[in-house]
Each structure stands twice: as structure tokens, then as C-alpha cells.
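Going by the order they are written in, the chains are A, B, C, D, E and F; count residues from 1 in each one.
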Amino acid sequence: MSITLSDVVVAFLLLSGGFFSLVAALGVVRLPDVFIRMHASTKAGTLGGGLIMAAVAVELWDAGVTARVIAIIAFLLLTAPIAAHIIGRAAYRIGVPLWEASVVDEWRGREDPAPPEELDTGPQRPTQPLPPPASGSVQG
Amino acid sequence: MMILPSVAEIGPLVAFAAILCALMLGAAMLLTLWRIARGPSLPDRVVGLDLVALLAVSVIGLLALVHHEAAFLDAALALALVAFLSTIALARYAVQRPRSGSRPERPEEEQP
Amino acid sequence: MDVLLALLAGLLTAAAVWLLLDRSLVRVLFGLALLGNAANLVIFSAGRLTAGAPPIVPVGAEAPLETVANALPQALILTAIVISFGLFAFALALVHRAHKDLGTADIDALHDAEPSPHADPHHSTPETGR
Amino acid sequence: MILFMLNLCLAVGWGFLWSDFSLSNLLAGFGAGYLALLASRPLYGHSRYFGTVWRALALAVYFLWDLLRSSIKVAWDVVTRRHLSRPGIVGVPLDARTDGEILLTANLISLTPGTLSLDVSGDRKTLWVHAMFIDDPDTLRRDLKNGMERRVLEVLR
Amino acid sequence: MAAAAHPSKAPPWFGPAFALPPAIAALLFALLLPTVSGGTAHEWTLAWAPELGVELAFRVDGLSLLFALLVTGIGAATMLYAGVYMKEHPRIGRFFLYLTLFMISMLGLVLADDAIALFVFWELTTITSFLLIGFTHDDPTSRRNALQALLVTGGGGLVLLAGLLLLGMEAGTLRLSQMDGAAVQASALGTAMAVLVIIGCFTKSAQFPFHFWLPNAMSAPTPVSAYLHSATMVKAGVYLMARFAPVFGDMAVWVWSLTVAGALTAVIGALWALRQTDLKQMLAWTTVMALGTLTLLLAGSESVSIAAAMTFLVVHALYKATLFLVVGILDHDAGTRDRRQLSGLLKAMPLTAAAAMLAAGSMAGFPPFLGFIGKELTYEGALALTALPWLSAVGLVLASACMVAVAGMIALGPFLGRERRSVAEHPHDPPFGMLIGPILLAAMGLAFGLAPALISGSIVQPAVVAVMGGPAEVKLVLWHGVNVPLMLGLLTFAIGIGLYVFRHRAIAAVDAVVTRLPTTGDAVYDRSLTGLKWLAAAQTAVLQCGRPRVYLAATVAVVAVAVLATLVVGGGLRWPAGNPTPDLLGVAAVVVAAAGTVLVVLTPSRLAAIGGLGMVGTAIAVLFLMHGAVDVATTQFLVETLVVVLLAVAMLRLPPLTRLPPRPRGTAVRDGLIAGAAGLMVTCVLLAVLAEPFDRRVTDFFEAASWPEAYGRNIVNVILVDFRALDTFGEIAVVAVAGLGAYALLRNDRVVPKAPADSLILRTALRGLAALLLVFALFMLLRGHNEPGGGFIAGLIAATAFALVTLGHGVDKARRAVGATPRAVALGGLALALAAGLAGLFSGGAPFEGLWMFLGGDPAAGDKGTPLSTVLLFDIGVFLVVVGSVLAIVFALEEEA
Amino acid sequence: MSPAMLLTLPIAVPLAAAIAAFFVGRAGGPQAARWVSVAGSAALLVVSLALMAEVWAVGPIAAQMGGWAAPFGITLVADVLGAVMVVITGLSGLAVALYAVADIDPARSRLGWHPLYMVLLAGVSGAFLTGDLFNLYVWFEVMLIASFCLLVLGGDREQLDGGLRYVFLNLVATVMFLSAVGLLYGLTGTLNMADLHVALKQVDSPALVTTIAILFVGAFGIKSAVFPLFFWLPASYHTPPVAVSAIFAALLTKVGVYALIRMFTLVFTQDVDYTHGLLLVIAGLTMVTGVLGAAAQTQMRKILSFHIISQIGYMVMGLALYTPLALLGAVFYLVHHIIVKANLFLVSGVAKRMTGSFELERIGGLYRAKPWLAVLFLIPALSLAGIPPLSGFWAKLVLVRASLEVESWLIAATALVVGLLTVFSMSKIWVEAFWKPHPDGDAAVTVTAPTRLETVMLVTPIVLLAAVTVIIGVVPQPFLDLAARSAAELMAPEAYVRTVLGAAP
């Protein structure tokens, strides 16, 4: 059995896809706060998924398959950041702390008023992980 | 145990890559599971769940490749489309709490 | 593979029963969800497994050209999944409502339908038995 | 957009001509169609289609490259023992106005290295971005505005 | 007060009107006397339940006729009497209804020749008796006594039923007149049948140890006591024993049971009668005595014993009915039944006194009353018994002596002596209607004594013939000559008069014995009932403990253990070959599913548990997928997603898992064992099934027919919408109802929509995403017949689209987007599916048979063209149901306050 | 009408009525839907009678859904048992629909009570008519989800609590059933019950077949509320509106019993000694525990609920004895019990309306105030207790005789003793609710319903069902005949199998 160029491409795509998927998971496990973890899952995860899908498209090499692969990748690219956005703002709103090594939080103090439903929800975030001032200044 | 299904029509290099990829995806799944179990915050778990769906799409892709079965991609497409919904719902669950007065409790098992 | 699935079905069943026996109605709901999965696995494995090969008649052919997966259990499971989903949704709504009206999601704290004899102020012996 | 559709029709027509609807042949048909349209350019008045194709391709390539870079960076941070990042949240003033522009900008920023859009302020003027490597917030702001936002606005406007 | 509420009294014609039918019946029965005494039996049969061989068969022989005359004759007298006695009672109509019903039942009982028909009437007498004993139901004692009578005689009735059924089986006929005694006695079940029948008879006829209910039954109005609990119903047992004498008469168990119980009952009844102060109670106990005597005599095999029984039956019926009615008059007109308060009423109530004394004379057995003849015969009969003749005779002498004393206390006590004014202002004889019955009956006691021939040949002898099952000579005469019975009779008088004279001392002596008795039947009854209630309560406390977790544990444990035990003991454990060989991805999926399961079980976090569930569902979907189940996997993904969404929406209001403590060790061990057993059961049975060969013929058919006959390439979808469309139809009904139900559960008048996600980015993205999803849904719907997809999947995707809109834009916008009430969509879909399903039926084919139409196509080239069919309509129905129901649930959960 | 029509309509009619009730309710106000229920159940009764007539005339009939021959498609089939059950469903359904006109308040109507009720009837009919095991599961689910909804609809606290108890235990039963179907399919490769009859003869693993049979005993045992799987029933049946209790009492457990009868005459007859022996033990214990449970209760509907259990024991006993006479008894008992038990619940509802409570302690005086109600109670109560000449008498008579014929003395004795205890229970209700004066004075016994129409609607079904009870009791032969033919078909299912599978198997 000979190894074709297509095989090489597919193998590379598969391996890199698997690698980035694993990286995403590792990131979610190892990185220090939820915001940083989302960097890993959103970027590496999407890339990993996209690469594997690309491998499928190359391996099966068919218009229908390619159309589906493109649709899947497009969809992932569209939804992953939105999901990250929704999770991220939720995390920020309920007061999930930033990693203590974070250098700046310009958002703090400038949040939009919560919608009515959320206004009278339980106690607001009791503490902020970062000391004021919340201007753009960089902390060492 | 076989490493790949006997019906595989793929070349040896691809097969080798597929095996490694499968191992990596499996490991990724279990790692993500650990994060879901561990938390500590609700958004942490939601991030984990979101990633599970993404990994599942990848797994289906791998299956389609290994089996040379285009039909499997329909499942992947459907999953990719709807997984987003559960992430949105869970994130909203994380941010919304019961109004004070009606129910005193809040999801106290997870630290904010 | 079927052996593995049988083991998995057993594990799912055991976990489901364990959860169903929990005090928290929320865990009971989780148990229900797992139980449905277990039953689906049972049907699926019982119809025997075929690797790959979705049961689709290729264009141009009158029937599948090779051995394809058994379509009947798939249809049965599809039906069962959707039914289980309906039942689960109902159970969820019921738990939700019960929690709202009864003020608890603790099964052991439910005493409305079957008041314990000691708690029931109206319990006593009617005359017919004297 | 009409030209894009026309281009697609040409690709399908190409498929009919060859009686071959394989992916490769359709891609070839699309390319041939593009060339044909390009050749008959004056017929379609002052269309931005021909440039947009290239700008969109450029955005895609830029973006994919960024995605790859960001993933590698994350990978590096993940696999190394120490977390080297200097994370934080910065506000990026938005020039994007329409919903679509904001959406695309925010999404693409999320997919590029080290930055993740968390929210848009209620007045739609600020995009709150979580970044992993902040040496100077203002530099970061400038990079984002000149990089991703500009390219998005170029494609969309 | 009751009278005020019902001002109208019963009209005076009430009693006579109800007395007329039994009187006529009595006359008609009397007309049968000549033929029956000539040896003819009149039969009348109507098929009733031929399937069971049950007939409404009636047969008038001597025995039946005797009883029929008693029932109708005394019935007429009682009706007449009751018309006056009860006239003030507001529910007199009901009273006469019951009484008449009873009479009919009793008549049926004594005339029935079919064992089952007899039992039917037997039970009816029990029920009417129950209603009559409890007639004064405001009184707790009445209610209690009615229930007691019902349970004792009803219980006996059921025993009797068993006996009758066995008898029917062994004798090969249910017809009493055709049962062959020899065959029955030869049967292995002979003794059992005899015992069962005896128990039935003993309870009904108040034989020791079931005698206690009868005196308690005296809480019924007096006419009832006179009629049911003296003259007729309580004789039903006696009747049946007489009826079965030809069948069982030679069996030792029969002879000994009847002898011992009869003698004991007679003595007990007599002694207890002595010590009563309530005249009605006194009469009741004398009835017990009489029933005992009758039972004792029926143990005999000689015709003289039977003749004695039949004669005594008549004697007793006449005097006892009279005396009851007299006591009723005293109660009614003198105001009390307490013998200690009644005296000197002779002047005020002369006719009543006359009736009482006439009856008492017969009761005491003085000549020339019929009672004398009866008593002489009784002694003769007792001496002719097979078992314990002398002992029985001694017992009867003792009992009869007591009767003499009791007769005195009833007939002399109230009327002689000093007149007392304390009880009633103006005691007087009752109106004619109340007197006619007792006087007539008492007079008959005298008349038949003087002219025994009036009844001996016409009534008693045919009865004896019927009981003996063969010819028998009966001669009733006042003077037998000097013989042992006469001596015993004289002894009886001596003792009896002595007892009357020294009655206070006699009563004290009996009381002394009675108070030392360890227990009474009544007390045993009470204790049984208490015991029963204790047992019931204890059992219920254990079984129906009110704790759902215990219910579930028990249910699962029972089934798991039963199934496992059956499999293991039967040797059904097998290990399959393992097919197909597991591959890496499969193993990985199983591991992930297992890990997810463990997470669900162990985590204290609800969200983590939901995550675990999601992983399990996803892993299983992957397992489905890798074994070729694309539609199933897709559906599983979609459903799993929706489950997560619903849980997430609902969970907002549900309490955390950490609120409750973990289960205690003991419970954990128990639950763990049960869970393990359940899991083991599933695995073991499944493995055993997998080890068997598989018959694939049904699937083979589907594969072969899917495209050529059902025009679909996706076999799974073709099964769903065509081969097994009925399943799918039922399934969408489930989904539609789930939507209705969840809506109903969650609906609230105060709609408080949960806030949408309030995100510009999400809202913007959703505009395109929702449209994309809907297009994808339609695509999946339309192509589902040939490739993965179909109504469910499309419906779930469309529902997802609207759910996303709900989350991002709020319920209101989502509602407007859907454009119709989700429940209406669901039911409209159901209607469409139903219509599509029935289209085939109403166009002459089968239900759910697809009607196909092809557009274009080239048959020559094997291209059928674009198919349009009811099958597609059906699938669209499925789609609408799924969309509508899911949205109904999502919206309801969202809006739920 | 064609067999296909006759077999489809009993399912389609109530479903169409359900849909109509929903839309009529939306268009014409919630109370308009009541009459759709009445019309739907009346129509069901009519079509079921037509079905019965056809089955009586020609024997078992079958229709292949979609025109796909058995065992490939789904077969609807009616033998005498199936047809009788559908007729009884129509009858009790109509009675309860009439009662519901007055009993179900507008709030519950608005929430969709009537469509749900009709779906319940459709599910029950489907379960009785299907010849396919998985399809039976589907109809069970239709019935179950409708019953869930009806049980908790408009629920107060008690109803919700009862609903939880009912729902979770029944869901477990459902999963058991589903798994058992899957396993049996895995063993035989078929789902058609007639085909299973044939296929299981060729399966050479008796222990496994018996094991699966026991799993079915478990699943259907829960549904039919036998010992020791009945807990869910007394925990919930007393909580919903009376109309719901009544229809549940009439039909739901009977579907379980029907399924047991069907499976253990048609499919699982390989190891009768073991399976039916086990069923006999279950039957005896069910009778006893049920009736003792009733003896411990002081609330009318709880007493009646426990009696359902004890009566189920009788039916299972008929199946377990597995002789023609015993099956005759079981079928007769099914019919009798549906009518009588529904009626008792209906009467209890009227009694409650008049006295203010189901609790025997707190009520009384009905006998004096409402003698007609007393009669209407006595008829079903005495029938339940097996007093002649009412329907229950024949039912018990046959079963006792059947047990005596096979010399099962213990079960015969049990049946008789339990009969006596049933008398005890019924007389307890009689004594407490009817004879005893009302604790607040008999003036506390009031009118039944706000309007005259509603009073009529409450009483009409009770009279109807009582009349049927009396008719069966007084003229038992036609019904015995029916049951006998049914029993003959069950004992020798070849005709059924031939009808379903077409040519000789």
C-alpha cells in the first residue's frame, strides 16, 4: 500500500487536530482562571475541531462532504466566540475572581446595570480580586 | 481488541494518525470531565461542557473518516448546531439566580 | 463490543437506580435520564452490532449492497428516545412544580399524599371495628 | 452578492458541462467562472465583488494564521510549568456601529491570539476584552483596532 | 323530630297491602299440600348460567313446602303486625321493602333445587337481614350488631359456597334433588364437603360456637326479630342440614358435629335465656336453644328423629313468632321490655295476655298444645340418635326445663301480679292489626295440638319423607302411652316448675357459671376484629409506609432478585462471543460514558451532574454512530441537548444537591446492593441473550422492501414512517401530551418571563443562526426518507432554533416568531399525522398505508421521479408535534414564575 | 366495516376527539370541550360494539398497518378478549366522561383535561388492540403520560405529592418493560406477539426465556399493582379529582392485567409450572395484602384503592390457574371489576360532595338524606364483595370453582376469605358514611352540585354502571359465554396466531 500525498495531508491534519484538541482540554484543566481557560477552549478547541474536519474533507474528497465540513467549521467559528462571550460575561457578572496575577481590570466599576431580573438576585459580588484603581494603569 | 474497526478503508499512515488522534481526543474528553467535576465555579463547568460538545464533533469527524461514512457528518453538523444552545442555556443558568424572597437558596454548592 | 455495551448498560442501570433512591428529587431526575440511556443500550445491543454501515440503500441499488447495521432496533430506540424525552420533560416539570408548591425537593419530606399515621390528626379508629 | 451567485451558477454549469460534480471539478468551475466574470468586468458596472473576494480571502488567511498563532501560544502556556501570561481586562473603543460589524469584530477578536471578547457595553462604544499578554493596555487597544477591526470594516463597508 | 320532618304516617292499608301477597302465596302453597303429600314434587326450571351449569331450578317437595308455608304464613302475620307497629316510623316504606325482599329471598332459598341458586338466595337473606338489623342505624349498637351478623353469616356463607361447589363437582350435578349421597360419601373430599356445609349451616342457624350473633341481632325492630331471627332466616341452616341429610347423613363427621353442637347449643341457649331481663333477649336465647334442638335431631338417621325435628320446627315457629310479637306489643304499648318492670298488665291487655299464654303453653310443652307433642317427639327422637342418645336426651330435658321456666317468666310475669303505672300511662291492647297475627299463630299452636292430624299427614310427613329420602311413617298424637319420653316429659315439668319458682336462685347459679367463663363468642368476635385491624395496620405500616424511596427500593429489589434468581438457578448464564471486536474508539467511548456516569453519581454540583449526563449521552450517541445508527445518534445529540437546556432552565429554581445530607451508611449499603443487583440483572440477561443466535428475518425484509416497495432509502426512516408508523404515531401522541402536561403543570396566571440573555452579540448572531437552523431543519425533514433525518430530527432542530431565540430575545419574541400557540402546533401536527395515517384506510387500503404520487420520473429508466405522499405528510405531522411540544415546555418553563 | 376500519377506529376516534377537544376548548371556552369528551367516548363505545359484533361473528380479526404483512409491520388484532376490553373501555369511558361534565372544574378544563382524557382512552384502546409487543409499549406510554397529566392537572399539594409517587414508580416499570421487549427481540428477532408464540418454540434456552418472562412479570406486575409491586397505587389514586380516580381505577391496572394475560397465554407458556406457579403465589399475596390494606384505611378512596389491588389478585389468580374455567373467570372478573370499581369511585365522589369529606370519621347521614345514593352505592359495593346476584358473584364463583377443580385449596380458601374481608370493607363504608349520622348533624348533608344539569350528570353514569352490574348479575349467561369464548381462544391461541400471520404458521 503506497502512501499518497493526500494520506500525508490527512495524517498531518488529524495529528494537529488531535493535538490542539488535547491542548484545549489541557488548557481548560491547567490554566489558572476561567477567563484564561476560555482562551484555550475557544481557540485551540475550535482549531482542533476544524483541522479534523478538514482531514475528513480531504480524506473523503466529495462535494457533499466538503459542503458539510465547511458548514461545520463555519458554524464552530461563528458560535465558539459567542459562547465564550456569554460564559465570560456571566462569569464576570457573578463575580468569578480573576487570577490573582492579572494585571488590569478596566471593566470593573463600569459594568452596565444588570437587567431587572438580575437586579434583585442574591448578594452582589462581595469582593473584588483586584485593588482599585481600575483605570488603565499597569501594575507590576 | 482491535485498534481500528475492521471496515476501515484507510491507508496505514492515516490509520496511524487516526489512532493517535483518537487517543488524544479520548484523553481530552477525560481531562475536560475532570474540569467539569472540579469546577470550582459554574462558568468553569460550562466551559468544560462547551468543550465536550466540540470534542464530540471532532470525534464524529474522526469516525466519519475512519469508516469512510459521509452520513456520519450529518450527526456532527446537528451536534455543532445545537451544542451552542446548551452552552447558552447553562451560561444563563450560571448568571441568573432566583429572586430574593421567593426562594432563599442559591446554588451554593459552587463557589462564585 | 457487545459485551462492553452490556457491561455499560449494567453500570448505567446501577447508577440510575442508585440515583433514583436518593432523597433529592433532582438526583432522581438524573437517575431517570440515565435509566433511559441504559434501556436504549439494551435494545441496541440486543439487536446485535455491526461496525459502521448505516442502513441506507445506496442510490442505484434496490437494497443495501453489503451487510448494514440492523435498522429495526434503531427505529425502536428512536421511538424510545423521543418517548423518554417526553416523559423526562414531564417529570422535570412535575418536580419543578412540586418544589414550588410543596416547598421541598426532598422526597423524605413529602407527606401530603400519604401522611404518616402519627402525624395525621384525624387518624383514629372508626366504630365499625370495635 | 449577485455576482457571487452568478459565479456559483457558473461553477454548477461547469459541472454540467463536464458531467462531473466532484469537489475538485466544482472548485475548478468556480475559478473558471471568476476568471470569466473578471474578463467581462465592464458589463457589471462598478462592482466591489472582485476586490471583496480578495479582501475576504485575505481576512480569512489573516484570521486563520492568527488562530493558529493563538493556539500555539496557548499550547505553550499550557504545556509549560509556569504560567507566563499577564492577563487582564481592557476596554477597546469601537468604531464598528452596526450589529453585524460589532458581532464580527468581537468574534474575530475572540479567535485571535490572546484576546477574548467578554461583552459590549450598553452604549455599544466599548468592547470589553480579556487578554492574556498585556504589557501595555493602550498598545493592545491600538493593535486590536488596527488589526482585526479595520480588516472587518474593510470587508463589510 | 323525624316525624316532624315526615309528617305523613303510613296509611292504615300499608300492612294489609303487604301482607296480602304472602297470604295469597301461603294459600297457593297450601293448595299444593295434597299433591306433595301424595309424593309428587313440583319442579320449575329456568336456565340461568348454562355455562356453569347453574339453573334457576325450584322444586317443591315436603320439606320445601313446610318451610314455604312457614315463610309465607308467618310472613303475612308479620306484615300485618308491622303495618301498625311501624306506622309512626319515617322510613316504613324502606322497612317493608326490605322485609318483602327478605321474604322473597327466603322463599327462594327453601324452594331452590340448584345449589348455586340456593346460595344466591342464602346470601340475599344475609344482606336483607343486615339491612334490617341495622334498621335503627342511628344507634351505634345496632350498626355494630348488624355488621356482626353480616360477617358471621356471610363468612359462613362463603364456606358453604366452597362446600356446594365441591359437592357440585363430586356429585356431577348442582341439582340438590339429584345428588347421590353414596357417591359423595365415597369421594375423597366427602368429609371436607360435609364440614364446609356444616359450618355454613351452623353460622346461619347460630349453632355453638357461632351462636353469639343471634341475641345481638335483637337490635332489629321486633317484627324483624320475630320473622327473621326466630321463625325463618335462622332456620335456613336447619333447612339446609335437613336438605343434605340424605347426602351426608351417614357420615360420622356429620352425625357427631350435629349432635355435639346441637346439644351444646340447646343447653347454652336455654341457660342463657334464663338469665335475661330483656324479654326479647330471653326469646332470642330460647331461639338458640330451639335451633340447637333442631340441629341435634337432624343428626338422627331414624325417621322419628327427623319427624321430631319437623314437628318441633312447626311448634317453635308458631309459639316463638307469637311471643316475639307479644313482646313487641309490650314494648310498643307498655313502654318497656324489661321483665322486672312489667307486671299486672292482664287487665289492661287481656287479648295480648291470652296470646302470650297460649304460646307459652306450647313453648313449655304442656298438653294439649302442639308443644307437648313436639316435646315428646323430641325426646323420642333424641333417644333414637346414633351418637350419644342418652346424653343428648338429658341435655334436652335440661333445656326444655329451662323453657318451662322461661315460658312462665314471659307469659305470667308481665301480666300477673301488681299493676305498675311507672312504665306507661295507659297500657292497652294494640289495634286489631297487631293482635291478629299473634292470636292466630297462638291459636294454631293449640288447634294443631288438639288435632295433630291437621298437620301430621299433610305437612310433617312429606317433610320427613323428603329428608329421609324415602318413605317414612309419621304419626302425631297427644297420647303416646306411658313410655320413656313421657317420663322425661314429666321430669321436665318438675324441674321446669322448680326453676320458675326458684328462678332467682337459679339465675344466680347460672350467672355464677357465666361470669367464670373464660370468654364469650361475642368477645372472641371482638378480639378477632381487633386482631384483624391490628394485622391490617401492621401490614400496611410495613408495606405502604408512605416513603417513596422504600417503595422504589422494594420494587427494584424484588424484580432484580427474581430475574437473577430465575436466570442463575435455571442455568441460563452465558458469555457471548463478543461481536464485533471492540476497537479503540469504542473502548474510549465506553470509558467516557462510564466516567460520566461516575461523575453524575458522585458530584455534589448540579451543573457537574448535568455535564456528566451530557457526556454519557454524547458517548452513547458516539457508540450508536460507530455502529451505523446515524439517525439515532443525531436524535440522541439533539435530545441530550434539549435535556440539558430544560434542566438548566428548571434548575434555576431547584435547590442544590448539597442541601440534603448524604444517605446514612445502612441506607447506602442497602441502596448499593439494590442498584448493584439491578445492574447485574441487566448485564447478565443481556449477555445471555447475546450468546444466542439472532434471527434477522424481519430486518432482512425491511432491507429488501425499503426502496422497492416503500420508496425510501433510509431504512430507519422508512420503518418509522411506514413499516411501523403506528409506533411513531403513538410516540408523537406521547410527545404532544407531554407538552400539554408540562404546560398545564407550569402554567401560571402571573407570567414572569425570565430575562433573555441580554447580549447584543448573541441577539445579532441569532438572527442568522435561527434562520440557518430552520433551513437545516426543513432540509432534514424533506430528505429524511432517503438519508438521515426525518420528522423527529427536523423537529428537534427547529425547536432548538426557537429555543435559542427564546434565550436570546425572550419568550415574547419567540412566541411571535412561532406565530401560533405551541400546543396548537403540536395538536395540529397530531391531527395531520392522524389524517395522513387514515388516508390509506379511507381510500380502501390499510391504515398508515402510504398513498404515493410521483412527479416526473422515467419509469423505463428506473427513476420513479419526485415522490409526494401521505408518508411525507405524516412526517410533517411528526415534525410539528415535536416542535410544538418542545416549545410548549420551553416557553412554560421560561414563563414560570 | 372492514376489519381494518373496525380495529383502527377505537384508537383513531378518541385521538381525533382529543384533538377536537383541544381546539373546541380554545374556540368555544373550556367547558365546551366537555361535550367533545362525551361524544368521543360515546363514539368509542359505538365503534367498539361494532368491533365486538364482528369478532363475535367471525372470530379473531386482524389488520396489518401500512399493509405490511405480519410479522414485519404492526398488526392490530382483536380476539374476544381484546374486543371486550375495548367495549368496557368505551363504557367506562363514557360513564366517566359524563361524570366529568360536572366533576371537572373550568380551571382544569382550561388546562386541557378533556384532550388528555381522550388520549388516555386512545392509549388504553391501543394497548388492547395491538398485536405487536413494542407497539404495546408505545400505547402503554400514551396511556401513562396521559395518566400522569390527569393525575396532577390543576394539582393541589396532595395531588402533586401523589403524582410524584405515581410517576417515578411507573417510569421504572416502563423502562423494565422496554428493556424486556428489547431482550425478547434480541432472543427471537421478532416483535409480533403471534410470531413470538411461534418463534419461542424454536428457541433452545428455556432458562433465558423464563428469565425474560419473569422480567415481564415484574414490568406488568408494577402496572397491574400486584404484591409486592403495588406501592404506587395506594399512594396516588386518592389524590386526583374523582373522575380521574374512577377511570384510573377502571382501566389502568387492567391494562397491566390484560398484558399479563396476553403474554402468559400467547407468548410465555414454556414453563407454566414455574411462571404461572409464581403468578399464583403473587395472586394470593396480592389478594390478602390488598384487602388488609383496605381494612387499615379510614378514607373512602383509600379503601377503594386498596381493593383494586386485592381484586387484581383475583384476576391474576385466574390467569395463574391457567385452565379454561379459570381464564373465563379472569376475563369475567376484568369486565366486572372495571364497571364496579369505576362506579364505586364515582359514588364516593358524590358522597364527598354531599358530606364534605372522603374521611369516614367526618361524614355520615347519607342513608337518611339520600336513599337513592344508598342504593347506588350498595349495588357496586355488594357486587365488589361478591354478593349475588350481582356481577361480582359470578366472577368469584367461577374463580373459586376453577381453583377447586385443580385442587388448589389454598388459593380457593384465600379467595373466599378475602371475599369476606371485602364484605367487611364495603360494610365499613356503608356503616360509616351511610348509616352513621353525620357528625355535624344530618343537615350537613347537602346538595350534590351547583346546577341541576350537573347533578344529573353526576348521577347518570352511576345509574348506568349500576344497571350494567345488575344486568350482568341477573343475566350472566351472555357474559359468561363471552368470557368462555375468550378463555377458549386464550387457551388455544392458534386461531389468533393464524389470523395475525395469515397462512398456517
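Heads up, the rule we're going with is that a residue touches a chain if its C-beta (ideal position, glycine included) is under 8 Å from a C-beta of that chain, and two chains touch if they have at least 3 such contacts.
Here the structure is a predicted model, which means the values were calculated and not measured.
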**Asked** Any chains in contact with both subunit A and subunit F?
**Response** E
**Prompt:** Along the shortest chain of touching chains, how many steps lie between subunit C and subunit D?
**Reply:** 2
**A-D or B-C, whichever has more C-beta pairs in contact** = A-D
**Request:** Please find which chain has its CA centre nearest to the centre of all protein CA atoms in view.
**Result:** F
**Fill in**
Averaging C-alpha coordinates per chain, one finds the centres of subunit C and subunit F separated by a number of Å equal to 25
**Request:** State, to the nearest whole Å, the distance from the C-alpha centre of subunit A to the C-alpha centre of subunit E.
**Result:** 69
**Asked** Centre to centre, by mean C-alpha position, how many angstrom separate subunit C and subunit E?
**Response** 36
**Prompt:** Which subunit C residues reach two or more other chains?
**Reply:** 20, 25, 38, 42, 45-48, 51-54, 56, 72, 76, 79, 83, 86-87, 90, 94-95, 97, 107, 110-111, 114, 125, 127-129
**Request:** Please list all residues of subunit A that touch 2 or more other chains.
**Result:** 19, 24, 26, 38, 46, 48, 62, 65, 75, 78-80, 82, 85-86, 88-89, 117-118
**Contacts with 2+ other chains: residues of subunit F** = 134, 138, 141, 145, 148-149, 152, 155, 164-165, 168, 172, 179, 183, 186-187, 234-235, 427, 431, 436
**Contacting chain pairs - touch in the sense defined above** = A-B, A-D, A-E, B-C, B-E, C-E, C-F, D-E, E-F
**Prompt:** In the complex formed with subunit B, which residues of subunit E make contact?
**Reply:** 580-589, 591-592, 595-596, 599, 602-608, 610-612, 614-615, 618, 621-622, 625-626, 630, 633-634, 637-638, 641-642, 644-645, 648-649, 651-653, 655-659, 754-755, 757, 762, 769, 772-773, 776, 780, 787-789, 793, 796-797, 800, 803-804, 807-808, 897
**Item:** Residues on subunit F engaged by subunit E in the complex (per definition of touch)
**Value:** 4-5, 8, 12, 15-16, 18-19, 22-23, 26, 63-68, 71-74, 76, 111-112, 115-116, 119, 122-123, 126, 130, 132, 134-135, 138-139, 141-142, 145-146, 148-149, 152-155, 164-165, 168-169, 172-173, 176, 179, 183, 186-191, 199, 203, 205-208, 210-212, 214-215, 217-219, 221-222, 228-229, 231-232, 234-235, 274, 278, 289, 292-297, 328, 367-368, 371, 382, 387-389, 393-394, 397-398, 400-401, 404-405, 412-413, 416-417, 419-421, 423-424, 427, 431, 434-437, 476-477, 480-481, 484
**Request:** Write out the stretch or stretches of subunit A touching subunit B in their complex.
**Result:** 1, 3-4, 7-8, 10-12, 14-15, 17-19, 21-22, 24-26, 28-29, 34, 37-38, 41, 45-46, 48-49, 52-53, 55-56, 59-60, 62, 64-65, 68-69, 71-72, 75-76, 79-80, 82-83, 86-91, 93-96, 117-118, 120-122, 125
**Asked** Residues of subunit E touching subunit A in their complex?
**Response** 754-755, 757-759, 761-762, 765, 769, 772
**Request:** Enumerate the contact residues on subunit C facing subunit B in the complex.
**Result:** 51-54, 56
